[in-house]
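Pasting the structures in now, so scroll down.
In what comes next, chain A is part of two complexes: it sits with chain B in the first one and with chain C in the second one.
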Partner chain A sequence: MGRYIVRRLAQGLLVVFLVTVVVFVTTRLVGDPVDVLLPFEATTEQRAEFEHQLGLDQSIPAQFWDYLVGVVHLDFGESLVLREDAMGIVLERLPATLLLVAAGMGLAFVVSMVLGVLAALRPGGWFDRLAVVGSLAALSMPEFWVGMLLIYVFAVELDLLPSSGKGGIEHLVLPAVTMAFATIGRMVMIVRSSMLDELAQPYVQTARAKGLSGRRTVGIHAMRNVSVPVLTLFGWELILALAGYTAVVETVFAWPGIGYLAYNAIVDQDLILLQAVVFLVAIFVVVINILIDIVYRAIDPRIQLA
Partner chain B sequence: MSEHLLEVESLEVQFVTRAGTAHAVRDVSFTVDRGETLGLVGESGSGKSVTAFSILGLIQLPGRITGGDVRWKGESLLGTAGQRRLQKIRGKELAIVFQDPMTSLNPLFTVGKQIGEVLRLHRGLSRGPARERVVELLDLVGIPSPGAKAKAYPHELSGGQRQRVMIAMALAGEPELLIADEPTTALDVTIQAQILELIAELQARLGLAVLLITHDLGVVAEVCKRVAVMYGGKIMEAGAASDLFERPGHPLHEGPARLDAEARRRPAAAHGDRRSAAEPSRAAAGMSVRAALLDSDRPLRERDAAARAARARKGGGVLACLR
Partner chain C sequence: MRRHRFAALSVVLLAALAAAALSAASAANRAPASTQAAAGSITIAIGSEPTSLDPQLKDDGGERAVSRNIYETLMARLANGKLVPGLAAAAPKQIRPKVWRVRLRTGITFTNGEPMNADAVVYSIKRIINKKFNSEQVSFVGTISGARKVDSRTVDITTSAPDPILPSRIYWLTIVPPKASKAQGFAEKPVGTGPYMLTEWRKGDRITLQANPRYWGKPKPRIQSVTYRFIPEGGTRLAGLLAGDFDLITNLLPEDVKRAPKSVSAVGLEHPVVILNARPGNQLTNDVRVRQALNLAVDKNGIAKALFGGFARVDDGQFLSPSWTGYNPALRPYGYDPARAKQLIEAAGANGKTINFVGESGRWLKDKETIEAIASFWRAAGLKVNVQIFDFGEYLNRLFDKENRADAIYLTSSNELLDADRTLSAYYAPSGIGASNSDQDLEKWITQARSESNVAKRNALYRQATRRARDRAYFTFLVNIADLYGTSKRLQWRPRQDSLLFVNTMGLSG
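Up next, the complex of A and B:
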């Protein structure tokens, strides 16, 4: 187990390195930051001076080396727009994003487990049909639209919840629900179908023949088996949420996290800041993947970690 | 006590689907007394397993018990009160060993935990004593180094060992009747004999009654005193095992004997009892004598349709739900 984790961490390091390379290359490809940052009427001397400041007058390999050395020290340089340490800004915004992802994905997990299992208990019943149709609808709705819909209903019409910004728990509700929406749709489908599969397995019959209650049969025996495929999907959802949905949801709700930051960095062509965000997200993806593998092994003894 | 341990009276089980109704069990009656072994024999799809599942209340929709009665020590196990009664004795007084030990154990729990569950539920043991008793039970069913094996997961055991675990699990509740539903069908031939010996030995030692379901007449001849032969959901004949084997003039003898020969010829067909229930071909092959004795509404075609409907239901997924 220990050796496995070390090897996975080494692999993860490689992934993070590749991500930094890709980020470096793409940021050199999208355009010249000097064009963006200096006013149109800047003189050639001013431009040269600025390029020198950013180190853009060096050769590409030299730039890459400087960049790598910086990454190792978590020093991505100053944000081009905000004129502060880029990683510092990102780390400052990170807790808000983690809070949002935890709330949204936690909500999605609990709700989809309950709905999926209830649907599977009476396949074809009214609740099952409702859950399946509802899930299809939920996963078909893009986050930004769900967000706008929720703002319209709960913030504008009913005036129950704030529509943007970060503050108390009431600020968290709408963004978290928005983030959970499509995930619930996908997860209910998987929980339901896995549970249906498991309930048809002979070991469920054995559990019932042993005299176990229906609750224990479903909740313990079948659930543990269901949790294997569900966990796979949930891992992806977690990664998607962190690396994708946050940008949309945080922008819609002006939630001050790294997703909103990334969106602004793209709009402002603040490549340094964007590099820092992407790097951090890559680290999270790697760590989440390793954690999921470890939980897998704890649930299913047949899985060999290799 | 004069009453029988288990009485099955005019039991009817139907599987109702849109494609038709399958009469899986028709007017089946038999009794099992304390300490007795009754063999229930018949080809695949003849309703043996459905009968056993009905006794334990394990028939699932679209299957339904539509008539008759199942009585345990004189009291019915059907209806609302019966169901409650059944829930209390299932796994305790009345236990079952299933056909396929490869899938009948939960792959994600140690065998010790799965046996211990019965002990804690039915015998009220706490964690520690349950663990000790599990080791005793594994030892009883002949598993080597039972202490270590209690911590093993099902995939770490061989098929024969798993079936022994299933038997240990059935014995954990200290049952009075053990239903063995083709307990050796999924096992290697050499292991089959061992498992049968084990069941016979335990029966003698613990005074168990056994309802042994099988399509192997050799097994019946070895283990059972009384035999009931099922075909097409009905009991075609019942009586002492010796009678059945020693009266070659009996017209019904022909069928089971040929069935026996067929089962030996095609061992592969022995697996997947329920799957092949949908194929009428085997029945048509050698059963003309007995088939003639049946009602005209032979259920085979209907059963085929029911199986198709069940498959469609299972595989349909999202779209099937929307329809």
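Up next, the complex of A and C:
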């Protein structure tokens, strides 16, 4: 187990490194941050001087080497736009994102487990049909649109919740629900179909024949086997949430997390800040993957962590 | 065991959610935003967070929206754009070709007690032009090369060449306190002479300012406290305005004017325009008949009405606004004459030829829609139009590529100096960063005008240049977009030509 984790971490480092290279090179090839930062009317000389001060006039390999040396010393450089330590800014914003992802994905997990299992217990029943149609609808709606819809209903029409921003827990409700929406749609489908598969297995028949209660059969024996595919999907959803949904949801709700930060960094072509965000998200992705593998093993000892 | 844990976890999460919903509901009942704000505070939603509150560092609309309430400049502007003395006692005088003398007002202090005097002004000028400081505002302060204290209330500003635009330039030169600005963290703790001062900056969330009780100038602030929120999404800004969370939102969409409780607008700084390639090497748009056809084919009024809801005015053969220095009042727009456009295309033998049209999407108001509308007008005139929409970074590469110019490049041009030189130097003069013509007369006139101190002669040169560019159709001239703001019913405010949001010009009714 220990050796396994060490090896996975080593692989993870390689992944983080490769992601860094790709982000570093592509962002520098796509556009010139000086064009975006300076007013259009700035002269060629003014641009050249500005570029020189930022160190962007060096060759890409030279810049990359400087960057790597910096990273080894935990120095990710200064944001081009905010002119402060880039990783410091990202870490300052990270708690807001973690709070949002934890709330959104926690909500998604609980709701989809309950709905998926209930739907599977009476396949073809009214609740099952409702759950399937509802899930399809939920997973088809873009986060952007769901967010706007929720704002108009709960903030503008009903005046129950704030329309945007971060503050008390009431500010968390709409962004978290928005984030959970599509995930619930996908997860309910998987929970339901996995549970249906399991309930058709011979061991369930046996358990029932032995006189075990329905709740015990479903809740313990089938649930454990259902957990493996569900966790696989959930891990994936967690990664999607951190690396993707946050950018949309945080932008719609002006939620001050790293997704909002990444969106701004892309708009402003703040290469240094973007690198810091991607670096941190890549580490999260690696760690989440390792954690999921470990949980697999806890659920099903037959799985070899090789 | 496992089941219990799972059940417990679910119960905790559900309880937390229920608590959230309940507390949210009670919080909403307890303190609706509108009653709180009636005590003399307002909330303004802007599109982006200031990237710094150091007023000399960034070229950033979000920064400007906030810090121009904290900091002041030697020259100020009235709402209609007219330059008037600010911290200066009178307009600067050009005492020698490259030297401008400024007399300062006396008795003004920064909110930390430092005096606003010649030392502070000289310091501020040297600070912003210092190469190491690497200000993004270099192109605004441009020619300024130094400053010298004459006496405690007089400063000489030197320029690298004679510069008649200096009074406009120093409208962008904020005066900062020498001591406080050297301290660590000055960019987060602004100290100015203006009508408002910083209360709190919660990064990513909000900035709150309060009125400066000892503000020297006029109008005195009537609103005690102002909070800025940073909402990138137009839909979210509008929702916040409708829900009563905000009193003022920027960049209201024309189609949302009817939904907003109230809306106000002012002629803005932005001019969408198409730069046409008139260089000799080009096989299509180098023909003046084709370029004129590309103007006659476009229904400018239709674009102003259909895309901008009428909140735009047709540009009269130049992309300068009437309030700017160098605007040519004698020019008339190209009419909308599709039949004549077709004839000209035929006559030039361009029928069925392909025009490459470079643009971007999402950076400027209605950019993609405008590009598509223009393309369809051009198609109707008999051309094939190859619209190329690029990512903004790649788009800028094309716009600034001096060697390979596309036949047509879409641009929304803006001019914060409110002076023709900035626009003309960048897009009209062949050496300009975004110019696509090789008209050496334009180069000559614009260069001459840049250092011509005689106002009448300078304006005459600009009239010549804008007339030439209009008649030779170096551009497809479009419209001047109005700035649109949504406001709450209680906010009393008239927007300005330069798009700045001065809170001391705002008041609350009732």
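The rule is simple: the second predicted complex is superposed on the first by the 292 of 306 C-alpha atoms of A that agree within 3 Å, B and C clash if a C-alpha of one lies under 4 Å from a C-alpha of the other, contacts with A are read in each partner's own complex, and residues count from 1 in each chain.
Everything that follows uses one rule, which is that contacts are C-beta pairs under 8 Å (C-beta built on N, C-alpha and C of every residue); 3 or more make two chains touch, one makes a residue touch a chain.
Bear in mind that the values here come from a model prediction, so they are computed numbers and not experimental data.
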Clash or fit, chain B versus chain C on superposed chain A: fit
Partner chain(s) touched by A:193 [first = chain B, second = chain C, both, neither]: first
Which superposed partner A:129 touches (first chain B, second chain C, both, neither): first
Partner chain in contact with A:264 - chain B first, chain C second, else both or neither: second
Touched partner set for A:137, first chain B, second chain C, both or neither: neither
Partner chain(s) touched by A:208 [first = chain B, second = chain C, both, neither]: first
Chain touching more of chain A, residue-wise (chain B, chain C): C
Which of chain B and chain C A:69 touches, first, second, both or neither: neither
Which superposed partner A:48 touches (first chain B, second chain C, both, neither): neither
Partner chain in contact with A:302 - chain B first, chain C second, else both or neither: first
Superposed arrangement (fit on chain A Cα atoms) - minimum chain B/chain C Cα distance in Å: 12
Chain A positions touched by chain B in one structure and by chain C in the second: 224
Residues of chain B touching chain A in the complex: 56, 58, 87-92, 95-96, 98, 100, 103-109, 117-118, 121-122, 153, 155, 166, 169, 173, 313-314, 317-318, 321-322
Touching residues on chain C, where the partner in the complex is chain A: 2-3, 9-10, 13-14, 17, 19-21, 23-25, 27-28, 32, 48-49, 51-52, 57-59, 131-132, 134, 136, 138-140, 187, 203-206, 229-233, 235-236, 239-240, 242-245, 391-394, 396-397, 399-400, 411, 413-416, 422-423, 425-426, 433-434
Contact footprint of chain B on chain A as seen in their complex: 123-124, 128-129, 132-133, 136, 189, 193, 200-203, 205-213, 221, 224-225, 299-302
Partner chain C, residues of chain A touching it in the complex: 30-32, 35-44, 46, 49-50, 53-54, 81-83, 92-93, 96, 106-107, 110, 113-114, 148, 151-152, 155-156, 159-170, 172-173, 219-220, 223-224, 251-254, 256-257, 260-261, 263-264, 267-269
